[in-house]
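Scrolling down, you'll hit the structures one after another.
What follows is subunit A paired twice: with subunit B in the first complex and subunit C in the second.
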Partner chain A sequence: MERCRMVFSGSGGQGVITAAIILAEAAVLYEDLIAVQSQSYGPEARGGSTRTDVIIADSEIYFPKVTQPNVLVCLTQEAYNKFHPIIRPGGSLITDTRFVKTERRVDARQIELAMFQAVMESIGKPIVFNICMLGAVIAITGLVRPESIIRVLETRIPPSFLEMNQKALDLGITIAQNLGSQS
Partner chain B sequence: MERCRMVFSGSGGQGVITAAIILAEAAVLYEDLIAVQSQSYGPEARGGSTRTDVIIADSEIYFPKVTQPNVLVCLTQEAYNKFHPIIRPGGSLITDTRFVKTERRVDARQIELAMFQAVMESIGKPIVFNICMLGAVIAITGLVRPESIIRVLETRIPPSFLEMNQKALDLGITIAQNLGSQS
Partner chain C sequence: MSKTIKFIQGNEVCVEAALYAGLNFFAGYPITPSTEIAELLSFRLPQIGGRFIQMEDEIASMCAIIGASLTGSKVMTATSGPGFSLMQEALGYAVMAEIPSVIVNVQRGGPSTGLPTHVSQGDVNQARWGTHGDHAIITLTASNHQDVFAMTVEAFNLAETYRTPVILLFDEVVGHMRERVVIPDKGEQPLVDRLRTAVKSGVDYHPYLPREDGRLPMSDFGGVHRYNVTGLAHDMWGFPSGNPQVVHGLMRHLIDKIQSNAAEIARIREFFLEDADCILISYGSSARSSLHVVQNRRKRGERIGLLELQSLWPFPARIVREKCRHAQTIVVVEMNMGQVLEQVKLAVEQPERVFLANRMDGVFINPTDIRNILRLIQGRGI
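On to the complex of A and B.
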């Protein structure tokens, strides 16, 4: 397995940090992998963009920050404008159609997904937008099985919220898979 | 300002990662500092200990992991047994009296606080144990003002839970300050 370097970006409150922590925990606890997850907050954090880095690998990770991600997720226009140049050539740049217009050219696969719209139409709760995004990421990367994400969620959220999160995860997986069958 | 390297450790569910994220956000957004916060998950994470690293500084941070923390918090015996040797000489090793017996000698200030007991007696909700711990950490380090932590909490938790969190933060500050006046 090659190591997968990811950056999730968006605005505070969209839950990108939580999504990154859940992914890292799932990889380690239920997939026998190694993961590092971090956030840096510098003067730029005061601008309102949130960025979190996750590296997943099957061997030791020496440096925890990501310079050129294989997978870059941008959930706001500001995050997209700022971070799109760091995508690794040949990587996957995932954006949400509701929040981002992808006007820049990158040497990567541009994957525009209507995740927010689907969450609002099917579930009606923006709070699980990040879990839908996580579903798309695991479908695109094949890094972690959906049931491993669910097992982490079971330890983190009240049982009454689990069904909604499961639905959001499945939605993200379906959206990403449908994209594959269209292109 | 010298940079402050911290490690918070405990078991999953005690909220040490959340506490670290709140501290880092407060330092950056309301104290004009720079922060890096990370977790590594390796084979050892499957053992049940959670560890998160936070570095707070007033100038750029080049390497985000902590080797020898100035402040080490251990909220379980397992975390204490595992991590106590990494304390920086002259640093502060903070443990909770309910969960940790400090049998090892370290070249550091050993600070044993009855945080869990105080939270249960005054508030009755273990969920704010991590915020009480954060109160003790900011009282001991003087890194971040209580109101900066509160401002971050206001963006993260529902208004109805804010009072309980404020109480837990104040409790941690008081416990750490009382310790100072006794010694």
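On to the complex of A and C.
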């Protein structure tokens, strides 16, 4: 497989770091892949713009940070403005239509998804926005199977929340797949 | 039986390894970027009947683990630069009184409060000479989670073997990043238990009388033997002594027990050194960036290799000298102003061939930084 370098960015509390950890853990524990995850520390992790780096590969990863992501997710305008120039040419730049208005064109596949709107309409709880985003990411990249994400979630969240998370994950997958059938 | 695989932070790996090694007492004062160690142990230790104490500061933390170790516990504390400074006086006490203990320093930018959330490797010399007086010390480090596990267990083993404090010098990048670690099965990595005296109750026990092999069997403090422990220079009974002969014998013992075993304590990893014209020397997280560069350049046929140091003190000078004998260029990659660089220059035959590739601005040194410095050294410009 080709080494996948990802940056998830947004604002503190949106769950981008949690989503990154879940994805990387799923890759390592249930897909037999190598993964490294790191994140920005400090006050920004509690309200400002946050960033987390994930690398997933089938060979050893030495340098654990991402300088040019193949996949860049921006869930706020601030994060988009700050990070969109670092996208690797030909990469995928995923934004949410509710929070980000894309301006400049970059040499990347710009994927604008109405994830937040869909979560609010069909689930009504913003807490699973990050899991919906994760669904879109795995549908676009094919990095890990949805079952692997669910297996990680089973160890991390109370059983009563599992159904809602499953729904959010499926929603993200569907949104990303519909995009594929349109283009 | 399937292996236990975890995807966790370096700090969490340190906790898993410490518990594997038999840790049952932790006293500390949480500080970024080491906080997860205290946090996790506050939960885990009580579950196995161990003790966790959050102390009022790092001075008290170090003192508490010294006391607990004397009573027979395997002990650890964890901190970062500012707290490590506060621990220095009691660390010297642990050296003098020969108390097995493990001190974790997850390095952040300094001096002083410095850069709490950013990486640095600026405490290498503090680990060596932070406490006053002539002494020897053991310091280990690691660049990846499997080695964090191994070196943490080693730290406990060396602390018991040599009756000494051992410093685990990690850094923010390794402490906070998450990657895969395989937890060894019980018995897979050997453990060194405390060497206890065979002297029976009611018979004279000499707490500071070394055996022929230089080791000092311990008696759990508060147990069957009554004896003295002091930071003063002391005789074989543990009582203060200013007798020059006694003091000389004590100092020789304290330093020789570690320096004369430097070869056994030395731990390194090497990558492509056999035919390397250019050798990078690094440790901790910066060794990851170095290895990234080495792997990429090897693919292009360049004769470049990496010597990764996992023990920093005693400095593995002999290994460095031997491995670098045929190298044209030696580049020390570290995140400080050249603390290991100085040691390498002292170790090698031609110090003029040794260069520094560093960052000390809180930013994790990346492969581009190293590549640019290599180009400058080779006279090719950035």
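The rule we apply is simple: the second predicted complex is superposed on the first by the 176 of 183 C-alpha atoms of A that agree within 3 Å, B and C clash if a C-alpha of one lies under 4 Å from a C-alpha of the other, contacts with A are read in each partner's own complex, and residues count from 1 in each chain.
Here is the rule we use: a residue touches a chain if its C-beta (ideal position, glycine included) is under 8 Å from a C-beta of that chain, and two chains touch if they have at least 3 such contacts.
Since the model is a prediction, treat every value here as computed from it, not as a measurement.
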item: Joint occupancy of subunit A by subunit B and subunit C, clash or fit; value: clash
item: Touching partner for A:Thr95 - first (subunit B), second (subunit C), both, neither; value: neither
item: Subunit B versus subunit C as contact partner of A:Lys65, first or second or both or neither; value: both
item: Touched partner set for A:Gly12, first subunit B, second subunit C, both or neither; value: first
item: Which partner reaches more residues of subunit A (counting touched residues only), subunit B or subunit C; value: B
item: Touching partner for A:Thr155 - first (subunit B), second (subunit C), both, neither; value: first
item: First (subunit B), second (subunit C), both or neither touched by A:Gln166; value: neither
item: Subunit B versus subunit C as contact partner of A:Thr76, first or second or both or neither; value: neither
item: First (subunit B), second (subunit C), both or neither touched by A:Ser38; value: both
item: Which superposed partner A:Ser49 touches (first subunit B, second subunit C, both, neither); value: neither
item: On subunit A, the residue positions that both subunit B and subunit C contact, one per complex; value: 21, 24-25, 28-29, 34-39, 41-42, 61, 64-65
item: Complex contacts: residues of subunit C adjacent to subunit A; value: 5, 7, 32-33, 116-117, 172-173, 176-180, 285, 288-289, 291-292, 295, 364, 366-368
item: Residue ranges of subunit A in contact with subunit C within the complex; value: 21, 24-25, 28-29, 34-39, 41-42, 61-65, 67
item: Subunit B residues within the subunit A interface of the complex; value: 12-13, 17, 21, 24-25, 27-29, 34-43, 45-46, 60-61, 64-65, 155
